[in-house]
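Each of the next two complexes has chain A plus one other chain: chain B in the first, chain C in the second.
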Partner chain A sequence: MQLLRTFLLRLLTTAITLIGVAVIVFVVIRVVPGNPIAMMLPPGATDEDIARLTAQYGLDKPIPEQFLIWASGVLQGDFGTSITARQPVLDLVLGRLPATLELSIMALVIAVILGGVMALTGTRARGTKVEAGIDVANGMALSVPDFLWGLVLILLFGVLVPVFHISGRVTPSLDLPFTTNFYLFESVLRLRFDLWADIVSHMFMPALALAIPLAAIIGQLLKQSLKETMHLDYVTLSRTKGYGENHVITREALPNAILPTLTLVGVQFTFLIGGTVIIERLFSYEGLGNMAIDAVINRDLPLIQGIVILFAVIFTAVNLVVDLSYALLNPRLRHG
Partner chain B sequence: MSFLTVTNLSARLKGTGFPILRRVSLSVAAGQVHGLVGESGAGKSMIGKAVLGILPSSVEITEGRIELDGVDLLSLPLKERRRRIGATAALIPQDPLTALNPSRRIAPQVTDRLVDILGWARARANARALELLHEVQIPDPERVLRSYPHELSGGMRQRILIASAFAAEPKLIVADEPTTALDVTVQKQILKLIAEMQARHGTALLFVTHDLGVVSKVCQSLSVLYGGMVVEDTPVRDFFRAPAHAYSRALLAATPKYTDPMASLVPVPEAVIAGVQAELAAFDRGARHG
Partner chain C sequence: MADGRAQIRRRAGPRLWLSALWLGLLALAALLAPWIAPKDPLAQDLFLGRLPPFWAAGAEPGYWLGTDSLGRDVLSRLIHGARLALTVALVAGSITCLIGATLGLLAGYLRGWVDIVISRAIDIWMAFPPVLFSILLIAVLGPGLSSIIIAIVVIDWTRFARVVRAEAMAQGAMDYVASAQVAGRSRLSTMVTEILPNVLPTIVVLLTLEMGIAVIVEAILSFVNLSISTDDPTWGGMIAEGRTSIHQAWWVLIFPLIALFLTVLSFSQLGEGLKDRYDPVLR
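And then the complex of A and B:
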C-alpha cells in the first residue's frame, strides 16, 4: 500500500520534471547560435532555399508555437523527424538506447563487484597493510575522471598489450543474426557465445572506464558504513554465537551497512549514464551518447530534444528504482 | 567442579599499555551465579567480554588463562575458540535495543546458533524457538517470531535475547548489566526471569552489575573490582555480613537504602579510594619486578 502510494506520487513528480526538462531544452537549443538549416544545405544555397526549408521544419514560427506543435506530437508518440538523418527521432533514439543501456549496466555491475570486493576485503583486513593499500587504490581511482581512465585503458590494453577492441560495439565483418539491438543480451539468448565474446571484448574497456570511479565511491562508502556497523551490539552478539568474521561481516553487518551505499549508487549511476556521452565518443561506441554529440554538432534540434527527454526518463526511472528497493531492503521503511 | 576458571588474567590497552585487568582470578561453579561488581571502568564488563572472546580490538590480553569446561580458550586458534564459546556459553547483552539485527526477523536470530553452529535441523530449531519464547512468557510467540525487532518493545526484546541465550542450553551465561538499559518497572521482571531461567536450566551465570541490591538477590558469590583488580572474592552471605576489604565496606555503605529513601547518599570516602589506589600502585610495582 505504502509502496503503491510512493510509486504514484513519484510518477506525478516525474511528469512535472519531464515537462520542465522539455521546456528548458527546447528553448535553450533555439536560443544558442547555430542554424540547423544552414548545415543541411550545400554552400551557395539561396536565401529562398533556406527560407523554404526553415518553413518546412516549422522553424520560422515563434518558439512557444513550435513547442506546442512538438509537445502535441510527443503526446501522440511522435518526436518529430531528425533533420540530418531524415528518419523519425523515436526510431533513431530507441535504436541506440539498447547499446547505451547495456554499456551502463555492464559498468554498474563491474563497479558494484569491484567496490563490493574492495569494501569487504578492507573490512576483513581492518587495521592491516591490506586495508591501507585498498584506501590508496580507492583514492587513485576516485581522483581520475572516467574519460581519462578510458585513455589509460586504451593505451594499456589497446596499444601496449592489445587484448581488447578499442572501437565500435562489435566487429563489423561479423554476421549478426540479431532482431533487437540488445546485442549482448540477445547473443546469450541465442547461445552465440562467439558473438558474445566479441561484444564483451568491445564493451569491456569503456564499461571499466565508467566503472572505476563509481567502484571507488562504492568501496569507500560501503567500507565506512561496514566499519561503523561492525561495532554494533548485534554484530558482537553474533560473534559470541560462534560465527567467524566472514559470516559476521556478510550476514550481520552487510545487510544494514548497504543501505546508504544503495542510495548513493542510484545517484552516481545517473552520473555514470551521463559519462557514457564522452566514453562512447572515445571508444566510437554506437550508443545514445555518441549520437547526442553528433546531434549537437549538426544542430539537429528534434534529435537533441528526443535524446535529452530519453535521458531524463532514464534518470528519473533509476531514482524511482532506488527508492523502491530502499523500501524493500529496509523493513523499518516498509510499514511506513 | 567449576565450569569457568579465570587465572591471573591481565589485559591492557594497545599502544599506551594502560592496564585494564590486573591478574584477575575467579571461578564460577556449574549452576552457580557469580556477581562482578565495581564502579564504571573497574573492568567488570571486560572480564565478561574476555571470557566470550569479544574484547574490543584496542585491548590485548597479556597473560593468564581462561578455562571454559576444562579447555584453555586462549590457547585455541580464533575460529575454534569462537565455535567452542558459541557451543558452550552465551551472552545476555546490556542494551536490547541495539543487540538485535534490525534487518532480520526474530526467528532466525534465536535459531541461527542452533542451526549453523550446533547443526540442528531447521524444523527442530524453530520448534525450540517457539518453546523458548513460551518459557520467557512472550504472548503470541508465533507472531513475535515473524516480527522485526523494531516492532517490539525493549522489554520484549530483552526477553527474546534471554531466550536466545538459553537456546543451546549453554553451561555458562554472561549477563552484562542486563537490566541497566531498561525501564525501572521492567527491570524487576527481567531480573526475576533471568533468575528463574538460571535455576531451571542449572546454568552457571556470570552476572556483571553495579547494583549490590541485585547481587544480594541473585548471586551466590561475587568479586569486587577496582581498577581492573579483584579486591575481594567472597560468598555473597559473607560479603553482606562482613565485607573484608575497606573498599567493599565503603561500596556497601554507598548503596542507597530502599527502606530509607530519604537518607542522603554516602560517597566512597577519599581515604578509601587513596588506600585502594596505593594497592594498585603496589601491585603494578610488584608486577614489574616479579
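And then the complex of A and C:
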C-alpha cells in the first residue's frame, strides 16, 4: 500500500517535471532570432511563400496557442513535422534512439566492469601501493569529463595506435541486412559477427569515454562501502570459518556493500546519457545527440522539441526505475 | 589517528601546490598574453600551414608548437585562449555559485513553499541534457562571451543548489541553530551567521569544481562552433580545428587538449586539497 502511494506520488511529480521541460523548451526555442522557414526556402522565395509556409507549420499563432496545439498532438502520438527533413519528428527521433541507447548501455556495462574491478582489486590489496595507485587513477578519471577522455582516446587509439574507428557507427560501404536500428543486438541475433566486430570497433571508444568518469565513481563508492563492510562481525566470522580472502570479499561483503552503489549508478546513468550529446558529435556517431545539435544549428524547432522531450522522458524514466527498485530492494523502506 | 592525519596532510600538500602553480602560470599567461605570445594569434600564412612543433623534422624556428592549417601559431593561440578560458571560469563560476548557493540555502533552511518551488525547478532542470541545453541557449542568445556566461549560470546553478540545500537542511536541524533562534535572532540572520559559515567549505569545493566545468563548457561550445566568433583563439575552437586535421597535424589538437586537461584537473585538485585542509574533522 505504502509502495503504491509512493509510486503514484512519483508518477505525479514526473508528469509535472515533463510538463515543465516541455514549456521551457517550447518558449526558449521560440525566442530564437531568425525565421526557420526563411532559412529552408531558396533565396528567391517571396514574402507570400514564407507567410504561407509559416502558417502551414503553425508558427504564426501566439506561443500559448502553439503550445496547446503541439501538446494535444503529442498526447495523440504526433510530435509534428521536422522543418529540414520534412518527415514526422517521431519517426526521425525513434530512428536514432536505438543508436544512442546501444551506446549508453555499452558505456554503462564498461563502467560497471571497470569500476567493479577497481573496487575489488583495491579492497583485495588494502594498504598496499596497488590501492594507492588505484586511488590516484580514480581521482583523475573522476575530475576529467567525458569530452576530454574522448579526445585523449581519439589521439591514442585512433591516431597513435590506430586500432579503433574514430567516426561513424558502422563502415559506410558495408551492406547492412538489418530491419531494426539496433545494429549491435541485431548483428548478434543474425550471427553476423563480421558486422558485429565492425560496429563494436566504432562504438568502443565513444562508449569508453562516457564510461571512464562513471567507472571512477563506481570504483570509489563500492570500495568505500566494501571497506566498511569488511569490518563487520559477520565478515570476521566467515573469515574465522576459514574462507579465503577472495570468497570473503565477493561472497560475504559484496552483496551487502552493493546497494548504495546501485542507487548511485542509476542517477549517474542519466548524466552519462546526457553526455552522449557531445560524445556523439565528437565521434560523428549517428545518434540522437548528434541529430539534436544539427537541429539547433538548422533551427528545426519541432525536431528540437521532440528530442529534448525524449531525453527528458528517458531521464525521468531511469530515475523512476531507480527509486522503485530501491524501494523494492531495501527491506527497511519496504516495511516502513 | 595522528598518523592518518599527517598522511592526509602530506598527500594534500603537493597536489594543492602543483594545481595552484599551473593555474598561476595560466593566469600570468592570460594577463601578459599580448606581450609574451611570440606571434599574432590571428595572423594567417598559408605558406606556413601545418608546421610541426620545434622538435620534429620540418619545424620552422619561432613557431614553437607548430601551426594550424591556416598557418596560425599554435603557442600564441594557446596563450591568448587562456584569457577566455580563465575569464569564463572566474566570472561564470562565481555568478553560478552565488545564485545556486543562495537558492540552495533558502530552500534548505526556510523549507515550506520556497523549498517546494526550488526543488521542483531543480527536478525539471535535471531532466534536461546539460550540453544540449547550453547549445540551445547559445542559439537563442547568440554567440559571445556574455552568452556563454549566462548559459553556464542558467544551467549549472542546480549543482550548487542541490548540495547546499541538503547541507543547510542538515545544519538547520542541529541544536546550535535552535539555540540561536531561541536567543531571538531572525531567521535570515541565523541563516547568514550560523548556517552559511558551516556550509562554506562545501561551497568552496563546489566553486573550484564549477570553474573547471565552466572551462569545459566553453570548450564544448567552441567545439560545436557556437562560442565566440570563429576567428578568436579559443581552446575549444583549436580542438575543433585539430579534430578535422587529426591525421595531418596531431599537434593542433594535442596542445590545447593538454592545457584543458591540466586546467580541469588543477581546479578539481585545488578543491579537494582545500577540502582536506579545511575539513573540520581532519583539522
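As a working rule, the second predicted complex is superposed on the first by the 313 of 336 C-alpha atoms of A that agree within 3 Å, B and C clash if a C-alpha of one lies under 4 Å from a C-alpha of the other, contacts with A are read in each partner's own complex, and residues count from 1 in each chain.
By our rule, a contact is a pair of C-beta atoms (placed from the backbone, for glycine too) under 8 Å apart; a residue touches a chain by one contact, two chains touch by 3 or more.
These numbers were taken from a predicted model, which means no experiment stands behind them.
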Fit or clash - chain C, chain B, common chain A: fit
Contact breadth on chain A, by residue count: chain C or chain B: C
Partner chain(s) touched by A:L232 [first = chain B, second = chain C, both, neither]: first
Which superposed partner A:F204 touches (first chain B, second chain C, both, neither): neither
Partner chain in contact with A:V159 - chain B first, chain C second, else both or neither: second
Touched partner set for A:N256, first chain B, second chain C, both or neither: first
Which of chain B and chain C A:G244 touches, first, second, both or neither: first
Partner chain(s) touched by A:G139 [first = chain B, second = chain C, both, neither]: second
Partner chain in contact with A:W196 - chain B first, chain C second, else both or neither: neither
Superposition-derived minimum Cα distance between chain C and chain B (Å): 9
Of all residues in chain C, those that touch chain A in their complex: 120-121, 123-124, 126-132, 135-137, 139-140, 142, 212-213, 216, 219-220, 223-224, 239, 243, 246-247, 250, 253-254, 257, 260-261, 264-265, 268-269, 272
Chain B partner contacts - residues on chain A that touch it in the complex: 126-127, 232-234, 236-244, 247, 252, 255-256, 329-332
Residue numbers on chain B that touch chain A, as the complex places them: 52-54, 57, 78-79, 82-87, 89-91, 93-95, 98-104, 109, 112-113, 116-117, 148, 150, 161
Residue ranges of chain A in contact with chain C within the complex: 13, 16-18, 20-21, 24-25, 28-29, 31-33, 139-140, 142-145, 147-148, 151-152, 154-155, 158-159, 166, 270, 273-275, 277-278, 281-282, 289, 292-293, 296-297, 299, 304, 307-308, 311-312, 315-316
